[in-house]
């Protein structure tokens, strides 16, 4: 089964609902090692994406992602805004003007998104950022390319969960948490957590579709 | 949480309305996206000096818009960097053929958002440069990390870059003087209490009744180290050690000493700390030639102070002394 | 209690050392008794304008010493009026044949101590007059009680009386303009938190997490009424009701609106409140012609604000606009 | 038995010790209805009186009180400084240059002190100030004029205690507490309490002498 623009839009709405639900959790994660705004930032941005989609859904999956990208860039602010914005923009570009996506397209979009985050933020795996969730997710998605979109996204979400969890014992080397040095150890990175939440929401949406 | 606000969602724009009402002779405010602009912008022939960042650090940056300092300020949500479209709006409102200098504090969010805005402006054919200020010695400097934060030095940089633009320097020269300031300025902060972000509703960190955070930033991020409260003499001396050893500042150097309140510290205590800092610098043979004392880069109601040292030469001293007329900093006019 | 101090006993003089170091171009400090004096005092031919009171309200009064405002300030212990010998020292350091005007806030302690000082100065053959400011509408005015407190209006009075002295007015005229200001100025304050006096070590009063004190003074005295916290619109409207009905201020009146932070309130909130006050006054047809926004008369770290309205005429407007150069208030120079 | 300059000096030292002992209590009384400094103010002043006496005791009781008066005026600050300062000054003036006091002198000095407080502060009995302690004390002293100095001061101290207690149910009409209006009810006035403490210390010193 393929995935059209409307499916992508529905998945983004599901993602927005998840972020809204976890707003306080994400902000709380950002308190001990950051500035206590990640949940607010993400929620402001994804709520705006939903409003934008309410005005009308673009024709292709790529166009939907591009709308999401520019909305996130202009509404989220902070570090997460340009990073997620770039991720969505690169994913959109990778999809071109395809009207229906297959599993390979989704894996390629995830990879492109990750590359965008790395290009902007210069973080590598182990720096305790969203890259620690997104990078294993992109790998898992490529490995599950043959299993269909829903299974692929489940695998990616599982890998992202694990990757997010792996940030706990790390010394942060990028983002605000890095100012804490050794004191950043023992905390789940908020951006890694939001990445895992987003992928879980997409996987659930794809499973239900 | 008790705050004098209506709604955490609208706190920044509600506050900007008050700024606009109070200072309509100096500045105007655009609301969507939110930008504070010099009343007479764009000024023909003048390099536009633009800064911005999360709100909650007032008077930074909106309180420094006016003659001789910033042409525009871009206020983000509280403690959240503004988005590229807002920065772009500030550029568009102020930038002539003379170009613009963006002053960016070194936080991942600010750097990325201003970077994007700069690219958009260049694509529009404008000559827009950025400098990134990273004066906080509390954070280890390294290319493998996010690097040092931009803190108190930002105020001095905005004044001096704005003065360079005001005397008619071209963009290259404004940028060069800005880089000189960044090379010669260092800061360190401490907090006695945590700020409360309106939409969060509780303090950003917990501090025991006898604990202070040493090496604090300006966003309610915890500091580098938690230490027991100590007398002002010991605390100021600890702060100066961190500063003086960093640049380093030498015996015989002329400096500007900026003693800043993080927002909630009584002026009684701030001047007390300033007096100690002057005395201790004197004992080290460092000459305090200029000073600034007050709440100029804050973290909402956080109690605490920061000390900033800028090594002065004749050019920087002249630029510092030149007239300025903004809501928060004014002299010579 | 966490404070940036060495010793509660020496906090006032330690802080004065910092003030002196930071502003040696404007003022000098004498330490025993403690007095802050204009750098160029005594100024021949100028009526000396002198004020003072307990410390902890900085920048009031020491931060207003300089050109165009106070000739001397007399800082008492924290929240405790200074003693007559200190006031006398201020008179002696500044007063010429032109005489002196003492600006006294209406608190029993201040009134009695300044009264004694005035008598001592007169005995020395100096022409020294006093005016007592009592602008706080929170307190019922009555000759059977201590009467209203002097609060925010004091800042405006010191500026305007200092300007009158600066344009060469004789003592009679400086006194007359001071009395005019006192007749036309009213203030009201609220507190969200209590201040902590250094030698006491705990907050001056207890407030629940959703309570505010309406009609607060500047010494950590409780207010007139304890009310539930409410949105800024409602709170500012409640404050303006109290003010406007008191004088009363009429439709068509020109006023100066002074939105003051009690010390610990973020500027973000202060401008927000100011914006609301301008809007609400506009709705009542009262014309805000001048404004002052900032922490100018504080109560240590207390969070809260006060609003002051001064009815303006041409003379008061000119005196307000005339140049001033002090640590805390500066324009035109 | 009479009372010489050295006895007055000893009594003032005893008073200073009492004030030091009750410093926190007086400040605490000043917290709910004032500005939490009465104990500090009084202690600063009486400690200075002791230092002054350490430099040398003047020759007459009146001169001792005059020294205390000027020290209190220049060291206490606040409302209490000029009020107590005036009280001691008027008491000193009433004693003239007598070198030995009898009970009648002490009663007259108390009356003169009270009159000084009233002249400066314009408070009447019932305004919830130190006058509520000092006024019954002056009356009691006059009534006990025949009983000797120690008994006279004991009677005055008893009356002052009772008078101080009487401020609790009152609405304050003078001093800082008056700003509270009805909310000043239910509190012991700090200045009335310090007056009672001072008289008790003098009575105890006289009893021991």
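As written, the chains take the letters A, B, C and D, and residue 1 is the first residue of each chain.
Throughout what follows, a residue touches a chain if its C-beta (ideal position, glycine included) is under 8 Å from a C-beta of that chain, and two chains touch if they have at least 3 such contacts.
Bear in mind the structure is a predicted one, so any value in this text is a computation, not a measurement.
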Need the most distant chain from subunit A, centre defined as the mean of C-alpha atoms. D
Expressed in whole Å, how far the mean CA point of subunit A lies from that of subunit B is 32
Per the centroid of Cα atoms for each chain, what is the distance between subunit A and subunit C, given in Å? 55
What is the distance, in whole Å, between the centres of subunit A and subunit D, each centre taken as the mean of its C-alpha atoms? 75
Multi-partner residues in subunit A (2 or more other chains touched) are none
Hey, what residues on subunit C touch two or more of the other chains? 78
Each pair of chains that touches, named by its two labels: A-B, B-C, C-D
Touch list for subunit A against partner subunit B, complex: 27, 31-37, 40-41, 44, 73-83, 120-121, 173-176, 178-181, 183
Which of the residues in subunit C end up touching subunit B in this complex? 1-7, 11-12, 14-22, 55-56, 58-59, 63, 78, 192-193, 209-210, 212, 229, 231-233, 235, 259, 263-276, 278-279, 288, 291, 293, 295, 298, 300-301, 303, 305, 327, 330-333
Contact footprint of subunit D on subunit C as seen in their complex: 33, 54, 76-86, 107-109, 112-113, 115-116, 138-140, 144-146, 149, 197, 199-200, 204-205, 217, 219-222, 224
